[in-house]
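Letters A, B, C, D, E, F, G and H name the chains as they come in the text, with residue numbers starting at 1 for each one.
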Amino acid sequence: MQLYDIDLASRLLLGTAQYPSPQILTDAIAASGCGVITVSLRREIAGARGANGFWPLLQATGARILPNTAGCHSAREAITTAQMAREVFATSWIKLEVIGNADTLQPDPFALVEAARVLCADGFAVFPYTTEDLIVAERLLDAGCRVLMPWGAPIGSGRGLRHVDALTAMRGHFPSVPLIIDAGIGAPSQAAQAMEMGFDAVLLNTAVAKAGDPVAMARAFGQAVAAGRLAFEAGLMPPRDMAAPSTPVLGMADLGLGGLR
Amino acid sequence: MQLYDIDLASRLLLGTAQYPSPQILTDAIAASGCGVITVSLRREIAGARGANGFWPLLQATGARILPNTAGCHSAREAITTAQMAREVFATSWIKLEVIGNADTLQPDPFALVEAARVLCADGFAVFPYTTEDLIVAERLLDAGCRVLMPWGAPIGSGRGLRHVDALTAMRGHFPSVPLIIDAGIGAPSQAAQAMEMGFDAVLLNTAVAKAGDPVAMARAFGQAVAAGRLAFEAGLMPPRDMAAPSTPVLGMADLGLGGLR
Amino acid sequence: MQLYDIDLASRLLLGTAQYPSPQILTDAIAASGCGVITVSLRREIAGARGANGFWPLLQATGARILPNTAGCHSAREAITTAQMAREVFATSWIKLEVIGNADTLQPDPFALVEAARVLCADGFAVFPYTTEDLIVAERLLDAGCRVLMPWGAPIGSGRGLRHVDALTAMRGHFPSVPLIIDAGIGAPSQAAQAMEMGFDAVLLNTAVAKAGDPVAMARAFGQAVAAGRLAFEAGLMPPRDMAAPSTPVLGMADLGLGGLR
Amino acid sequence: MQLYDIDLASRLLLGTAQYPSPQILTDAIAASGCGVITVSLRREIAGARGANGFWPLLQATGARILPNTAGCHSAREAITTAQMAREVFATSWIKLEVIGNADTLQPDPFALVEAARVLCADGFAVFPYTTEDLIVAERLLDAGCRVLMPWGAPIGSGRGLRHVDALTAMRGHFPSVPLIIDAGIGAPSQAAQAMEMGFDAVLLNTAVAKAGDPVAMARAFGQAVAAGRLAFEAGLMPPRDMAAPSTPVLGMADLGLGGLR
Amino acid sequence: MRIDLNGAAIEVAARTLAEALSDLGYDGALATALNGRFVPATARTETPLHDGDRVEVLAPMQGG
Amino acid sequence: MRIDLNGAAIEVAARTLAEALSDLGYDGALATALNGRFVPATARTETPLHDGDRVEVLAPMQGG
Amino acid sequence: MRIDLNGAAIEVAARTLAEALSDLGYDGALATALNGRFVPATARTETPLHDGDRVEVLAPMQGG
Amino acid sequence: MRIDLNGAAIEVAARTLAEALSDLGYDGALATALNGRFVPATARTETPLHDGDRVEVLAPMQGG
């Protein structure tokens, strides 16, 4: 898979928040086999070491860094956050999140497109967190985005793909744009489903970090994403309304009570 | 996983029908990693070699053989077929299928329980293909079955788990009985979902045999079943109605226009 | 609608339990317009007046009485209860309920068929509460039932039609048998859906009795059942995958900036 | 119900396109009991009488006229169409439709908000056809809209409420804004469901016009919308996961074989 | 003798089901069962009671 | 001069939109637009036409 | 005599099921049933055939 | 002078953003913003502080 001209072996992108411990975080990253991890920026208390201890830990994983603008509620905030992230993380990649509603954490399509336009013009490789709205998606592509990240369900809800038909239409409408399902994935089966539908990758965090055993769950997601992609490439059977015998009926024995006698 | 005191490494059981070629069949079995394959009996033309050529092929896979009574519409037919299968395949394992409706290929619960009683008494290890009906399930256990195989959806329909809530209730009602989802699985994501729900294994055929690339699809199913089981053991996050930020909000910057000035 | 040769104007059957007061019960019956109400038998304390006060109240509604065997867990109990009900209520109609599982209150197909056979032979007009299982349904018809009452969802759950596809198959499989959705209906829209699918009637209780305003809800259900039936007879449009403009596109103005100039 | 300070007795709004004949159209309007009908503008061939014959027909129904901007793909087109409609139909009411995608006929949120701002400022009573996106909805309210019309499903698809959870969130987020489900309703049960969810009204066309018997279907929709609203006001029982007996268990007879003997 | 009436053990003098019902003050719309079998109203007078008999007396109730 | 009327190029002698409509035999409930902009009925007589103008004449239609 | 073999009526001289199978050239992994009842391989030699008997000879097949 | 540092009002003597950071003991991977606008590390020494300025000092954090 290529994202902004970068080849990636894994189609799983993993968030780094909410893990029980740094050790479990790094073990989960390794177990998942993911090639990209998301990070953010937060206020640093003078003289603190915590955050600056956290950063080298992630660098050591060798995974590519995708900073986010999580929590920003305006284009202005998101743009400034992106600029700060580019300097600290030394990457032009940015997961663009502009929240429009505090309850659903859904993106604000207007501010999102505005921020995307500014950031793309400024040389960022923008990964916009968006809805399944086709028109918003087109505006984001017009703004210069070369990857789209539609939500599966509200962030952290773990409800999987809420609007399968709309996401199917989106996949069909943008056959050649890398589409990454971001947010809402709660189980490996849901990640596999997204891949079977032809999405290019899956980005998740809570479902791994909040699992009983995050490392094992990370491994499970890695396997499920690979399985889903393999199935997509292998070509799934079309569902049928009626049943159809798997065992051939031809040559069935007649063991009833009929016969010549 | 133990089925009738036999330890099995894989939780995938694979059917052997409808493959494009014997080579693809054996490659698919190997790629899936399954430890059990289903077979049947059919009328043999005098002097024919086909079937007797097919049998050694399957024996060579090393997989455990699970003969079925596919296509039987009465207890009597199913019982006789089971007896014939035990002799030819030299195993007491039998997938008991008694079809009650030609359109849906759904089991006849009355004939199924009757046949199960006779076969269990006769020393068979019965794997009954049944519905999600709890009462039918209890009768099958009373009859001596130590494994149950509820359908996911009509045979060959590839529609996945049609009645998730009823299957969830069944899993909860029989916590210690090995439950294998048999029939209706059309995609790896559906197999993973069944495993995440705590089912012990999945049996499928058409979804692999009729895939564009059966060998690749077999591999995908093997991975998905393993991923689903791993996720079940790791403990899935509970779905939430509301969204919850994955990135901590604590320490969010204020990059708006407010401030002291 | 004809049930056992009796013409009924309304396709709604209403239960009489759990209402806040006798007055609300009788008002609800009137508001619903239903022509059939279900009742049961319970232990009578010597000299008590409650029950014997309740009975005339229902007789006064003019609705046809359908006694049930609610709570019976064996064919034997159900048969005796039916015989007692026939004497007290002076009707051969009986809603045959044989519970097989205390959690789901689902019917025991084996005991149900056995009881149905005995009661039909004894001249009862049996209304069996059953699942959507086609084979069980066929056994009930063989036993002499001329009406079937498949569940929509577990009794009192108010979850509507859980297994729409299976119920659709059942309707298609028994085109000329009166099929009444019994249990699980929680909202008028669900009752309307059942009628749109071609079911002959709906039987419910909790959704009305436990509504904030049972009388208004009874009226709503009466309207919804009528609307659903009317829609079924009028012929519903088939759903489409793609959108299709309702307003004709032909003759659209061109108000863009194009044109000759 | 009040829409832009106008009291309306019926919560059903009906489209006037695609009917088999003018007579059936007017009969359907009458049968539905709707108080508002939608119309559009199309090119008039010089000297033609068709359209000018159609208009008096609708005026005679006494229903309030809601002109639409169907088929417009830009704010500019929609604005000019609205201005033309205001003159011809002598009403400031306008159903604002700005199509963003020819396949899904979904609204263009950007052009929609822009057109709404201009039209509201110009004194129109704007009824915007929008998605379930909360942020777009807020922009429309900011623009001056006092009614919102979220889609149920793509126009003419007849698939009902595709995104029930998102629509539920929308209803909860705008408790006091009149919300009308527009587009996608295919059956009376779906209209009733929308009303039960607390939506203020339903606008539909194809489901009636393309029914086998449009007049009967119009009546069915009128009843279903009324039933759904009545149920919403009466207070629906909450769905339960488990079953709960409707017939009281207290006082159950013991007709088994137990007892003193 | 002791019988089981609607699940409760009681002492009765009555010799038949009919007598027992009237002694106990039952009347109105009732159905009876003896040891799990239905006893029609018309048969109550000819239905003797024995020690340990299990009697059910049921009346109309709300039902779903 | 040639104008575009409802998408078709035609030759008209009329100098104003009002003249054109009456020359073409239009009457009844109509709304007009010139080059994509709404022209109220009251303004048609003062609305001159020029070669290549794009005129839309719309009437009430069924709509959803 | 005439028997029904796998659904087809044929003429056989054999007196037992075992003879019939060898006469017909059957060998390999096979299971047999006579008139709907299973006949173990070991019992074939002692299983006489009669006119109108219904014989099933089955072999391993793919199955789901 | 008083500035707002990460949301808290503090007293600083520093004249530039760079001075303020070092006075406060900041080091390591940090990004800075002044009154809502990004200030590159290279520009901090030339970035004067004024009374009431709003300074944000951010560091890498876990993120989803």
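Assume a residue touches a chain if its C-beta (ideal position, glycine included) is under 8 Å from a C-beta of that chain, and two chains touch if they have at least 3 such contacts.
Since the model is a prediction, treat every value here as computed from it, not as a measurement.
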Contact-graph separation of subunit C and subunit H, given in steps at minimum: 2
Comparison of A-H and C-D (more C-beta pairs in contact): C-D
Counterpart interface for A-D, drawn from A-B, C-D or B-C and sharing over half of its contact pairs: B-C
Interchain centroid distance [CA atoms averaged], subunit E/subunit H, Å: 91
Distance from subunit F to subunit D - Cα centre to Cα centre, in angstrom: 34
Centre-of-Cα separation between subunit F and subunit C, whole angstrom: 61
Residue list for subunit H, restricted to those that touch at least two other chains: 6-7, 33, 36, 56, 58, 61-64
Contacts with two or more other chains, residues of subunit D listed in rising order: 15, 17-18, 40-43, 68, 70, 76-77, 80, 103-104, 106, 155-156, 205-206, 245-248, 251, 253, 255-257
Chain pairs in mutual contact under the definition given at the outset: A-B, A-D, A-G, A-H, B-C, B-G, B-H, C-D, C-E, C-F, D-E, D-F
Subunit G-facing residues of subunit B, complex: 15-19, 25, 38-48, 51-52, 54-55, 58, 67-68, 70, 76-77, 80, 83-85, 87-89, 155-156, 205-206
Subunit B-facing residues of subunit A, complex: 15, 17-18, 40-43, 68, 70-72, 74, 76-77, 80-81, 103-106, 154-159, 183, 186-190, 192-193, 196, 205-207, 209-214, 216-217, 219-221, 223-224, 226-228, 230-231, 233-253, 255-257
Residues of subunit E that touch subunit C when the two form their complex: 6-7, 24-26, 28-33, 36-38, 40-41, 56-64
Residues on subunit E engaged by subunit D in the complex (per definition of touch): 2-4, 6-7, 9, 33, 35-36, 52-54, 56, 58, 61-64
Residues of subunit A defined as touching subunit G within the complex: 245-248, 251, 253-261
